[in-house]
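Chain IDs A, B, C, D and E follow the sequence of writing; residue 1 opens each chain.
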C-alpha cells in the first residue's frame, strides 16, 4: 500500500515523460487526477491506521535491497510520519490545482512535481537510513530543476546555491548515518533496529561527533540559523508551487529527521547537546522573526518566517532532551507540538506561498511598496491572505496555535528560560499585520490598480489548505491522537 | 680474489659508462656508452654465477644498441658522429633527485639487515630455470608472449603511418602495392 | 445538569461564531445581514439565560493534559448574560448606521461577542487563551474596519500587538501550570506547586492587565477609538477590556494563594484608576475621554480582584458595562449626526436630541458616582474591600472616584451647555471626522434607552439584598460591605465634584492629555529599537552570513562566466567580491600539471621518495 | 595445485580473439571491417559467458597458485569485458572503416587481457607482466589518432608508464629478493620476517606502479592529457577499463603485506591526494574530456578508499567491486555523451542541450550526478559502502574526506549540467545543427540507465560481489 | 663482493639513470636513462638472487626485467617515431601543449 502511494506519482511522471504528444491541458489534469488519487490512498491508510506497538510501524513493507550493509527497502508509518504523509499529499494536490493555469511547459512541470511527490512521500515513510537518504538527496535534485526551470529573477544563482548548500548538508547527514551504522552491533541501517539499539551509548565523544554531523545535515535542510541563507533566495526566485512544496514539504524533511533519527537513535548525545539545539532554536525563532520584520519583499518575508517557525520545532525537540524526573508530560507535549507544527506550517505557509505567487503572476513583483489598497480590487485575495497571515502568526482556531501552544508550554515548563522565544510570536504578529496593511489596505495605488482577483484554481488550491488548518485548529484531536503516542514513545527513548 | 677485483673494475666501468651516457655530446656515443655499461653489468651477473641471464643481458643489449644506432641514423636523420648535443633541462633538480635517491638507496642497501641466504642454488641453474618456466611460472612466460605480440602490433601501429589500405587499396585488391619505394614484402 | 443546558452552553459560543464567520466571509449577504445577526444575537441572549440558570459544564478533549472545557459558574453566570445582552443592543444600534460592507461588520461583531462569551466561560487555560486571542484578532479587524485609512489599520495593529504582548503572559502561565503539575484547569491553578504558582499568577496578571488596558498597557485603548462607535461600545463594556478585569476576578483564589499577587493587583488597579482618571479629565475628545474612563473604571475592578471582593468587582463590571455601552452609543449617535466627537462640537446636544440626551445624562451621572445610580454602589463595594486592606488604598480609591466625577461632570456640562443662537450654526457645521447625517434614527435610540435604564438600576447588585445573593453565587468567602457612612461620603464627594466642575474650568495638563506619553514611550523603547534591530539583522544576514556561502557558489559559477556566457554577467559583481580560497586552490591544483614531462617525473619521484620515507618512519 | 589452464579460458579467448582480429583484419576490405567488430563482440560475449560459468563454481587457483580464479577475478572479467563491449559501441561511430580499425580492436582486446591478468594475478611476476600487457597496447591506442595532441599524449603516457613500470619492477625485485618467492601465498608467510624497511620501499614501488594503471596520484599526470588527446573511444577505454584491473591488483597486493608496514596509511594518502587534486584541477577545465579526465583521477581516489579497509572490514572487497561496476558504467555514459558530440570541445557548447537532445541530456545528467554520488545511481551505493568500509576499518576521517570531496566535485559537474539545462538563448543556434552520433548516443543512454538500474538493484550486485 | 656492495653499485647505476631520465630533453635520451635504471635493477636482482635466495623464480624475475626493458624500448622507438612524424618534435619540451 505504501509503495503504491509512493510510486504512483513516479509512474505517472514517467508516463508523462514518455508521452511527448500529450497536450498541455490533459497533462495538467492528469497531474491533478494522480495527486487526488494519491491523496485518496493516503486517506485509506489513515482510516486503517492502528497505533503500532512501541518502536514498531504500521503498514510495514520490507524487501532486501543491499543486504551486505543491512540496508533494506523498508517502509512503514507511525504517528510522526502519517501526518506528514497526509500533509504532503494535500500540498501536492493543492499545487496541482494551482498549476492548472500554468502556461510554461506544463507537461514537464507536472512530471517533475510528480517525481518530487514520490520522493517526498518516500522520505516520510522510509524506515531505512539509506532509503531515507536516497529520497533526501533526490528531493534536492528535483527542487533544483523546479527553481532553475520555472523560477524567475536570479533563478540560476538561487537554484545553484540551494543545490550546493543542501547537498553539503545531505552529505554531512550521510556521514552521520555511516557513523550510526558502524557503531551499531550488528551493523545495520534499519531505523527501528537502530532506535532500539541506541548505538554509541556510553561513547560521548563519538556520539557527539555523529550527532553533530546529523544535526548539521538536518539544520541545513530545516533550516536553522546560521544555515538558512539558501532559503530566502531560493524562495524568492522559485515559482509559487515550488515555494509551496519547498516550504511545505522539503523543510519538514529536516525537522522530521530530528524526531525520526537524531532523538531516538542517539539519546545520550541528544541529551548532552540538547542545550545547543535549544539555543539554535531560540536564536532561529527570534532572528528569523526580526529579519522577516525588516523585509520589504513579501515572499522573502514569508521565507524568513519559515526560519522562525522551524526554530520553534528545534526549540521543542531540544527541550525534549532535557530529561528530568517529572517533566515527561511536558516533554511529550513539546514533541507533539513540534510535529503538529510541521503539519501546520506546511499547510499554512504552503497556502501563503501559493497566494503570494499571485502577486508575481499579475504584477511581476513581490515588493510591498509596489502595492497598496489591494483589498479593493481583489477582495478574495485579501481575505485569504489575511486568514493565512493570522493562521501563520499563531492565532487560535488555526493549527499553528495548537502547535505553538504545545511547543511553548512544553518547552517553557522544561526550561523556563526558553520563554524568551515567545518574543517570536509577537514579532511575527507585528510583521504579518504590517504586511497586510501595506499591501492590502489604504488607498488603492501602484500595481494594485486593475489587479485581477483570484481565479477559481487559485482559490481552490490555497483555500482548502487554510480550511484544513482551521479544522485542525478547532478539532485537533484526530491529529493529536495519532501524534501523541509516538511523542510519548520518542520521549521515552530519549530518556533511556 | 680475482672475482673481487674484476667485480670492482666492472663496477667502476659500469657506473662511469653510465655517467658517460649523459656526458658525451653525441647520441651515438651515448648509446655506445650505454652498451658498455650493460655489458659490464652482464659480466657482473656472470660473476654472480648466473650464466644464462648474464649472457642474455649482454646479447640483448648489444643488439638493442645496434638497433638504436640504426634508428637514430635512419629515422631521426642524425649524424651520429658529429651531432653536438647539450639538451638538458632542470639539471640541478635532476642532480638533487638523483643524489638524494642514491643516498637513500645506498643507505637502504647498507643498513637494512638483509636476511640470511635461504638455500643453495640448484646444481644446473639453466635447467632449473627451464623447469621453472615450464612449471610454476608458465603463466608468466605465456603472458610475456602476449606482451611481445602486443608490442609488435602497438609498435607497428604507431611507427608505420602507411597501412595495408594505402598499399593495396580499400578493397585490398590493388596489385602491385603502391609503395613510395618499390620492393619488399607483398611483391 | 441537563443536556439542554449543555447544548445551550455550546450553542452560546458556536452559534454567534458560526453565523459571524459565515457573514464575515459571505460576499453577497448584505440584505439579510441585519435580521440574521440580530436573530443570532437574540438567540444567544436566550441561551445565555438558560446557561446562567442551569450552570452547565461541558468539555471535549483538546490538547494533552487540557480539555476544551466550558463552564458557567456564578461569576460567568453574571458575565455571560451581560455580554449576550449588550451585543444585540449594540448590533441594533449599528443597524441604524449605514456602513459599507455590513455583512463583514456584523459578522466580525458576532465573532467578537462569541469569543468574549467563550472567554467568560473558559474553564481551562488553553480554552481561555484560545478565546482570548481570537478576541484580540477580532478587535483588530473591527478597529481597522475602515481599512482604507492607514491610520485606523495602524490603530488596530497597535491594539493587537500590545494586547498580544500581554497575552504572552498566558503562554507562560500555561507552561508554568503544566510544569507545576496542578493541571491546566483554571480552578486547579491554586493547587499547583508553589514555585510555579507564582509564575502562573504573574503570567495571568500581565495578560489581564494588557486586555484591561491597565498601566502600562493603557495606550492601546486610546488608539482603539479609531474603530466605529458600536465597536467601542462593545469592546469597552462587555467584550474585551472587561474580560481583562473579569479574568482577574476569576483567578482571585490564585492571586490570594500566592501572597503577593493580590496586593500588587490592587495597587496596579488603584494606580490605573487614579492616573487614567486624570487622563480622562484632561481629554477634549468625547471618545478619548470615555476610553480613559474605561481604563480607570476597570482599575476599580482590578482593585476588587486584588482586594478579594469578587462580588463587588463583578457588580462594578456589569454596571460599568451598561453605563459605558450607553455612553459610547450616545457618542456614536452624535458622531453620526453631527460628524464630530470633540467636546467643543457637542455643546448642547442633549437639548437637541432629548431622548438620547437624557439617557446619556443618566449614564454620565452613573459614571460620576451620583447616588443612587449604579456605579455609586458598586464602586463603594470595591472601596470597602480596599479599606479593609489598607487605608491608603482607600484614599487613592476615593481620589480616583472623585476624578471620575470630574470627567463625568465635564461631559454633563458640555451636553447641557446652552449655545447662543448666533454660534449654533458654527457648532453644527463641524463635520470633522465624517459627514453628519443630522438625524438620530429609531434604531439608535432604542438601545440607548434600554441601556440607560440598566445603568440606573444595576446598582442593586451591590446593595442588599441582592448583594448577598450575588456574593454567595460568585464567591466562596465573604467580602467586607460598604457601610452607610462610606456610601454617603462617596456620594457626597461625587456630587460636590460635579458641581465644582460645572462652575470651574477643569485643568487639562499635557501629560494627561497625551495619555501619560505611554505610546510614545512604547514606540521609543520597544518598537523603534526592534525595527532598527530587525533592519540591522537583515543587513547582517544578507551581507555577512550569506557571504561565506556566496563565495563558494560564486567562485564556481565564475567559470561559466569565464567561458564566455554573456547572460551570466550578474556573476561578475559577485565574483569580484568573493574570489576566494576555492578559486586559488583550483588554480593551485593546476600548477603541477605543467605539460613538461620532466617536471612530472620529478614530482612523481619526490612523491614516491616521500612515501618511502613516510612508511619507513611509521614502521 | 596444478596448471588447470582451462580456468583461464576467458583470458585465452580474449587474447586469441585479439590475434584473430589482427589477422582477420588483414583480409577484409576497409569498408567491411565491421566484421571484425562483430568478431570482437562475439569474443567479448564469449569471454563473459565463460567467466560467468566459472563464477558459479568455487574459488580456485590456476598455474601452480600464480593466478586466482575466484569471485573477484570473475567479476573483474565480466566488468572488463562488458566495459570493452560498451566502448566498442563508441568505436562504431568514431573509427568505423578507418584504416586502423581492426588493429584497434586487436589492441583493445590485448589491453583487456592484460587488465584481467592484473586483476587475477596472485604472483608478483604475473602482476608485472600483466602490467606490461595492459600498458603497452594503450600507448599504441592513444597514438592512433594522428593528431599533435594524440602524439603528445602517447609520448607522455609512455614515459610515465616506463618510469612507473621500473618502480613496479624495483618493488618486485626487493620483495622477491628478501623472501625468495613471488607467489602471494608464500609472501604472506615470509614477509613477516622480512626487513620492514625493505618491505616498505617495495610496497611504495609496487603501489605507485599500479597507480599508473589506475591513474591516481602520484602517477596521474598522463590521465587528463590522454583523455583530451586521444580519440573518444580510446579515452573512454583507458579511463575506465584498466582501473578495474589495477585496483583489484592493489587490493590483492596489500592483503599480502604484514601489519608491520603501515600500507593502509600510504594508500589512504594516495586516495586523499588523488580525490582532492583531481577535483580541484577539474575545477577550471573547459574541455569536457579533460574535465572528465581529472574527474577520473578523483574517482580513483574514491576507489582506493575500500583498499584502505582491506582486511579490516568485511565490506571492503564487495564495496570495491560494486563501486568499480558503478563507476564503469557511469563513466562510460559520461564519455559516451562527449563521444556522441565530438564537435563539442567546450563546455559552453552544451548550452541548451536538454531542449535539443533531451535523452542525451538526461544521460549526461544521470552520469554526472552519478559521478557525484547522487542516489540512486550505482556510484552512490559504491561511495556509501566504501566510506562505510573505511569507517568500519577505523579510518573514519577518510569517510569524512570522501564526502567533503564529493561536495567539491559537485561544483564542476554542475558547471557542465547547468548550461545543458539552461533555456535556449542566442548563440546556440550555430551548434543546433550538430546531430549526435547514433551509436554513441545510444550507448550513453544505455550506460546511464544501467547506472541507475545497478543502483536500484544493488542488492543482487552486492550478493554477487561478496560471495565467497 | 658482498650483497651490500652489489646493491651499492646497482643504486649508483639506478641513480645515474634517474638523473638522465630527469634531465634529458630528447625522448630517446630519456629512454636511455630509463634503460640505465633497469640496468641497475638487473644487477640488484642478480645480487639478491645470489646472496639471499638462489631460487629459480629469481631467474624468471631477471628474464621479466629484460623483457620489460626490451618491449619498453621497442615501444619507445615507436612512440618517438610517431611523435617525430606527427609533430616534427624529438624533445619532450616541444610536446607540452596539454597542460593544466
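Keep this in mind: a contact is a pair of C-beta atoms (placed from the backbone, for glycine too) under 8 Å apart; a residue touches a chain by one contact, two chains touch by 3 or more.
Remember, predicted model here, so these are calculated numbers, not experimental data.
Taking the definition of touch as given, a chain qualifies here only if it contacts chain A and chain E alike; those chains are C, D. Common partners of chain A and chain D, by the touch rule above, are C. Distances from each chain's CA mean to the overall CA mean are smallest for chain A.
Among the other chains, C has the CA centre that is most remote from the centre of chain B. Each chain's centre was taken as the mean of its CA atoms, and the one lying most distant from chain E is C. With each centre defined as the average position of its C-alpha atoms, the distance from chain A to chain B rounds to 70 Å. Rounded to whole angstrom units, the spacing between the C-alpha centres of chain B and chain C is 100. Chain A and chain C have Cα centroids separated by 34 Å.
Distance between chain centres (mean CA atoms), chain B to chain E: 8 Å. Among the residues of chain E, those touching two or more other chains are numbered 14, 18, 21-25, 30, 47, 49, 52-53, 55, 57, 60, 64, 67, 71, 75, 78-80, 82, 92-93, 95-98, 100. For chain A, the set of residues that touch two or more other chains comprises 156, 160, 164. In chain B, 89-90, 93-94, 97, 101, 108, 114-115, 118, 136-137, 140, 144, 147, 151, 154-155, 157-158, 161 are the positions where the chain touches two or more neighbouring chains simultaneously.
Contact between chains, using the touch rule, shows up for A-C, A-D, B-C, B-D, B-E, C-D, C-E, D-E. Residues 155-156, 159-160, 163-164, 167, 196-197, 200-201, 203-205, 208, 217-219, 221, 224, 260-263, 265-266, 269-270, 277, 280-281, 283-284, 286, 346-348, 351, 411-412, 414-415, 418-419, 425, 427 of chain D are the ones touching chain C in the complex. Taken together, the chain E residues at the contact with chain C in this complex read 18, 21-25, 30, 92-93, 95-100. Listing the residues of chain B that touch chain E in their complex gives 3-4, 7, 11, 14-15, 18-19, 21-22, 27, 30-31, 34, 37-38, 41, 44-45, 47-50, 52-54, 56-57, 60, 64, 67-68, 71-72, 75-76, 85, 87-91, 93-95, 97-99, 101-102, 105-106, 108-110, 114-122, 125, 128-129, 131-133, 136-137, 140-141, 144, 147-148, 151-152, 154-159, 161. Taken together, the chain D residues at the contact with chain A in this complex read 315, 318-319, 369, 374-376, 380-381, 384-385, 387-388, 391-392, 396, 399-400, 403-404, 406-407, 410-411, 414, 418, 421-422, 458-459, 462-463, 465-466. Contact residues of chain E toward chain D in the complex are 14, 21, 27, 30-31, 34, 37-38, 41, 44-45, 47-49, 52-53, 55, 57-58, 60-61, 64-65, 67-68, 71-72, 75-76, 78-80, 82-83, 86-87, 92, 95-98, 100.
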